[in-house]
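What follows is a single structure, and I will ask about it in a moment.
A, B, C and D label the chains in the order they appear, each numbered from 1.
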Amino acid sequence: MINVGIIGATGYAGGELVRILVNHPEVEIKWYGSRSYVDQKYADVYRNMFEIVEDKCFDDNIEKLVETVDVVFTATPQGYLAGVLNEELLKKAKFIDLSADYRLKDVNVYEEWYQIKHKSPELIEKAVYGLCEINREEIKGTNLVANPGCYTTCSILTAYPLVKEKIIEPNTLIVDAKSGTSGAGRGAKIPNLYCEVNESIKAYKVASHRHTPEIEEQLGYAAGEKICINFTPHLVPMNRGILVTEYANLKKKADGTYPSSEEIRKIYNKYYKNERFVRVLKEGEVPETRWVEGSNYVDLNFVVDERTHRVIMMGALDNLVKGAAGQAVQNMNLIFGFKEDLGLNFVPVFP
Amino acid sequence: MINVGIIGATGYAGGELVRILVNHPEVEIKWYGSRSYVDQKYADVYRNMFEIVEDKCFDDNIEKLVETVDVVFTATPQGYLAGVLNEELLKKAKFIDLSADYRLKDVNVYEEWYQIKHKSPELIEKAVYGLCEINREEIKGTNLVANPGCYTTCSILTAYPLVKEKIIEPNTLIVDAKSGTSGAGRGAKIPNLYCEVNESIKAYKVASHRHTPEIEEQLGYAAGEKICINFTPHLVPMNRGILVTEYANLKKKADGTYPSSEEIRKIYNKYYKNERFVRVLKEGEVPETRWVEGSNYVDLNFVVDERTHRVIMMGALDNLVKGAAGQAVQNMNLIFGFKEDLGLNFVPVFP
Amino acid sequence: MINVGIIGATGYAGGELVRILVNHPEVEIKWYGSRSYVDQKYADVYRNMFEIVEDKCFDDNIEKLVETVDVVFTATPQGYLAGVLNEELLKKAKFIDLSADYRLKDVNVYEEWYQIKHKSPELIEKAVYGLCEINREEIKGTNLVANPGCYTTCSILTAYPLVKEKIIEPNTLIVDAKSGTSGAGRGAKIPNLYCEVNESIKAYKVASHRHTPEIEEQLGYAAGEKICINFTPHLVPMNRGILVTEYANLKKKADGTYPSSEEIRKIYNKYYKNERFVRVLKEGEVPETRWVEGSNYVDLNFVVDERTHRVIMMGALDNLVKGAAGQAVQNMNLIFGFKEDLGLNFVPVFP
Amino acid sequence: MINVGIIGATGYAGGELVRILVNHPEVEIKWYGSRSYVDQKYADVYRNMFEIVEDKCFDDNIEKLVETVDVVFTATPQGYLAGVLNEELLKKAKFIDLSADYRLKDVNVYEEWYQIKHKSPELIEKAVYGLCEINREEIKGTNLVANPGCYTTCSILTAYPLVKEKIIEPNTLIVDAKSGTSGAGRGAKIPNLYCEVNESIKAYKVASHRHTPEIEEQLGYAAGEKICINFTPHLVPMNRGILVTEYANLKKKADGTYPSSEEIRKIYNKYYKNERFVRVLKEGEVPETRWVEGSNYVDLNFVVDERTHRVIMMGALDNLVKGAAGQAVQNMNLIFGFKEDLGLNFVPVFP
């Protein structure tokens, strides 16, 4: 049994952490941190928690917090954790950061894309990028996890095997991503109002979204070279879910032919057949966000287009679960030696 | 550990039974019954179950089924179970019927509202109406549960304490109910298409919906007299959830005054304070379906209108959980002596 | 050709006024008033207007405005118009007020329900309640129209014939209303965010909504007596549309029988057969908001419940059109002697 | 004043034709054709038309129809019109075909992608592809218009100027398209049910959708060479609207640089500045389907990505208006010499 604290417990990702952790058999939540709702009952902010969570929200006194808990989840704005974290705190508790502060190894890239001065660049090297399926072993030994972004988790897992196995030309990769609206957070802004989002779809931050360098960095490690891609997020009128549709040119093989659908399927299976939370669908099926909603699954599949010699890869996940809180708990399970899926065996809720 | 069979496993309520039961620690599902999908893999019908359920669908061979399982859930069209059930079968397995076949004690009322000849009226008396909060003790000893309807569960639980305690005039009761579209089932019909339901609301079966006599019968028991009410269902563009708004005249007390909000709150608390799945909200709060989605909770509250001397009672639940599959599992838990909330401790999913 | 000014042009009702008026053959919009967006291009606020409206937003200089235009529409917060209007202004331009400032004849009722001191109570008597189907002749001669609320338009028109003809007991009237989310306005508030509204339904302001006294006053005139009713609004996850479901006890006739469905249908037809924007549906049909969306229609129907001797009346309209901007333009047409449906012949948009 | 007949008047595109044409000042609808609803009142099928359309539906007696009307719109399944059309009929009436029968000039491509034998290949050459902004002059003189598909209208108009001006490498073009659910038609199929579509997004017909060769053929004419692209449609939980996000490599110029954003903007303006229904948005804005809903507009914009030397082009339209019925009426206006926007000056409906 471990004690847990959450800073930023009243955002959507924080709320999802609470939903998962209140039923986790090895966890007790000791700290519901929320600047906006200090001293208010958590269940007054999220009424689904009525009669489930009795605690009030605390402010973010991190010095006190690390005395109380074994692990701190930070679901906070960019720059917050980088501004307060230090070696002392890391000795006292593990940190799983759902923000982007320690995701990018190159601090210049971080500062350029986020337009924030990084306050603790010396800690970046200590952080492990918490994409469990790829960095499982490193995660087990760390005390600082950079929990991947929602778009990035989906984008990377979808393309990773084909990049790693050099099946595609990595610089031809185009990621067209579609997200439910919970990804936009709980801020009271006109563009997020019901009537503004409902019955519409749009792209946003075209060629400028901050998840771009994160995808490039991680897939670059897989490719063994720096890569440069296109990533375009879209806002979809639904609460949860991310779907990515990824396009890439197939590499011509030595014999002048292109990789076949069968070859590619073998590669996906090689990487993911034994993965608890990655489901490679059967041929002809497409990932749909409804089939993963509320769960920690990623559903993947692909189509080879023999006319254009491109492969179209598709991935779907729940942005608040595998794209945020679920993956954070999966990381926690790895760190503390729990079964990787402990507390995460949610069956997707449909309809 | 008990073995379970489901007849009608590929409707929405059947799918929800599967979602709940695959993680139930005392249950193994042995039989996925579905006329429409015989011999197809269950997970091909509901792809959320991919890599979770490996079984195929069977047809509804009930003779064979009762040899295999301890309990049979029937999520079937009206008349199906009444047409096949008999004493022999009831000796071999418990039955929890999600259809209306054994809900109404008066077979004439059944035949009038459902326009079906009841094939086994002699079994009606044996059935226990499975509204756990009201008939808990009878349920424990039965082998035939008539699992209440979704609208009726919500409508009855919302008004029950005030009817039972004679706070309201039962014949003034008006139930205005609003349901998500999963209540309409998975049939391929034009009125249930996305574009027909989305961005619209309508009443349907006004003054003629079959859940009316069920509410009247059960609340009649509470009132100690026959009652006659209005019930109007509405179709709402959302997947899950039922909200009922109920209106009734307060009974004038002997001293000429009307019951106060405080008195009424005490009565609700008396009946529901210790109920695991009924949450009486705080004063001033209203039930909202989003706060119960995916869970077995019913959220209740009320407002006394001193201008009109009426009380407006409100209740919200998830029609597929507390309104169908969750309550069925709660009944199963009671019958088999499991903890009443075993496998049902879902935290509502928000957003 | 008349000149028109709109104060509050950037709310949802203001936007709908613009949508209607830019194509009105007898109107030129001269003034797009918006405190929040002064000096910004109107089409930058509402991008549907790109290349349609070239003007910028002005502040609300009403003195200047009345020199420029023939009629002023105010889609403003409660209390605004009452605070600035006076006899001088009324001499210079007609006013059609979409707020509630002049709807209630009893200033005490206004001040009690709105919790605002009325700044120009002397003008209340001059105002005509702009429910065109009922007050057509008075509207034609006025220079101050109190444009009815969205809920009230629907609630009153639905019950009016039966109250007027004394078919129902007016004090048994219960109005259960359901509204799309545009009714909540364009304010940036958490409860109006997409993820908070989507996939949920709730009642709000139970027994305390400000449209209650407006319905009571107008139906009271029809009844020839003060009446007291229940009105409960609900928030529905859709952009537009109001549906009301109204319940009332039928009055027993002298011969001891109750009014029949045929008698009631005759009454509805008597009042509405020749009304351009009121459609009494055929027997057995129910009003649905999808069939009126984008148009100025109100669809009505009813069911007589012979078990309870109640009539269930139903009405549906588009809250931004017949419930706000459309009706305001209908009033303008009446005042200026245009054809009543000029610029309002929108066919409902489906799906 | 011309007389019009519609075959297939009860699908969603047919319904939209009716919505537009009943208010068209130069049109009288003489024939509501519908195999499924013969002899039923049209307004019983689409209740938005109650008290607007009094006619009944006829079957598709095309011989009789051409005696009655000046122009026939066919919103029919693939192969229908090709099976009945001939030179005689074309002498008697103009035909505007919303199906794909005459869109592809190469009958082999048609038969391969549609898996239908073309019954009147000799008429293909006579047909004009009805993309008004590109083929305006040819349309004016034709009696057979192949009205473009919804995806294709949006995809072609978005990329056309840059293909035509050789700014992009046409074979690198990737079209990622997102459509509302009305595009799936009104057939009663499980995948189109509300609960199956709502709260989900998916790709479908990946690398195999029939609009692919249509885009390739038309953009091929612009490019002056055969081109081969990727097109991926997605189903979005909304009623109306198509958004395309298109990716293409910029062609390096003779001086070794790439076309700038300013150069590209000039090109878009050159092609579309004077187009009534194409709106090139301001820099930094993105097309959103909500801003064109209910109207005949296409909104376009683009972003140059200097990191990848690609241009991301975006386009949004209402699939039932500019993507089907609106464009068909625009074609009709051209053929009959009416003002091109007659009856089409709809302001987009928001919200």
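The criterion applied here is as follows: a contact is a pair of C-beta atoms (placed from the backbone, for glycine too) under 8 Å apart; a residue touches a chain by one contact, two chains touch by 3 or more.
The shown structure was predicted, so the numbers you read here are calculated from the model rather than taken from an experiment.
When the C-beta pairs in contact are tallied for B-C and for A-B, the bigger tally goes to B-C. The contact pattern of B-D recurs in A-C, the pair among A-D, A-C or C-D where over half of the contact pairs coincide by residue number.
With centres set at the average Cα position, the gap from subunit B to subunit C is 38 Å. Centres computed as Cα averages put subunit A at a distance of 37 Å from subunit B. For subunit C, residues that reach two or more other chains under the stated contact definition are 12, 182, 195-196, 198-199, 237-240, 288, 290-291, 293, 351.
Per the touch definition, subunit D reaches subunit A in the complex via residues 171, 174, 176, 178, 180, 195-196, 198-204, 206-207, 228-230, 232, 234, 236-241, 243, 245, 247, 286-291, 293, 303-305, 307-308, 310, 312, 314, 316, 351.
Within the complex formed with subunit C, the residues of subunit D that make contact are 12, 15, 18-19, 22-23, 46-52, 182, 199, 239-240, 279, 281, 285, 288, 290-295, 299, 345, 347-351. The part of subunit C that touches subunit A in the complex is made up of residues 12, 181-182, 186, 188-190, 192-199, 237-239.
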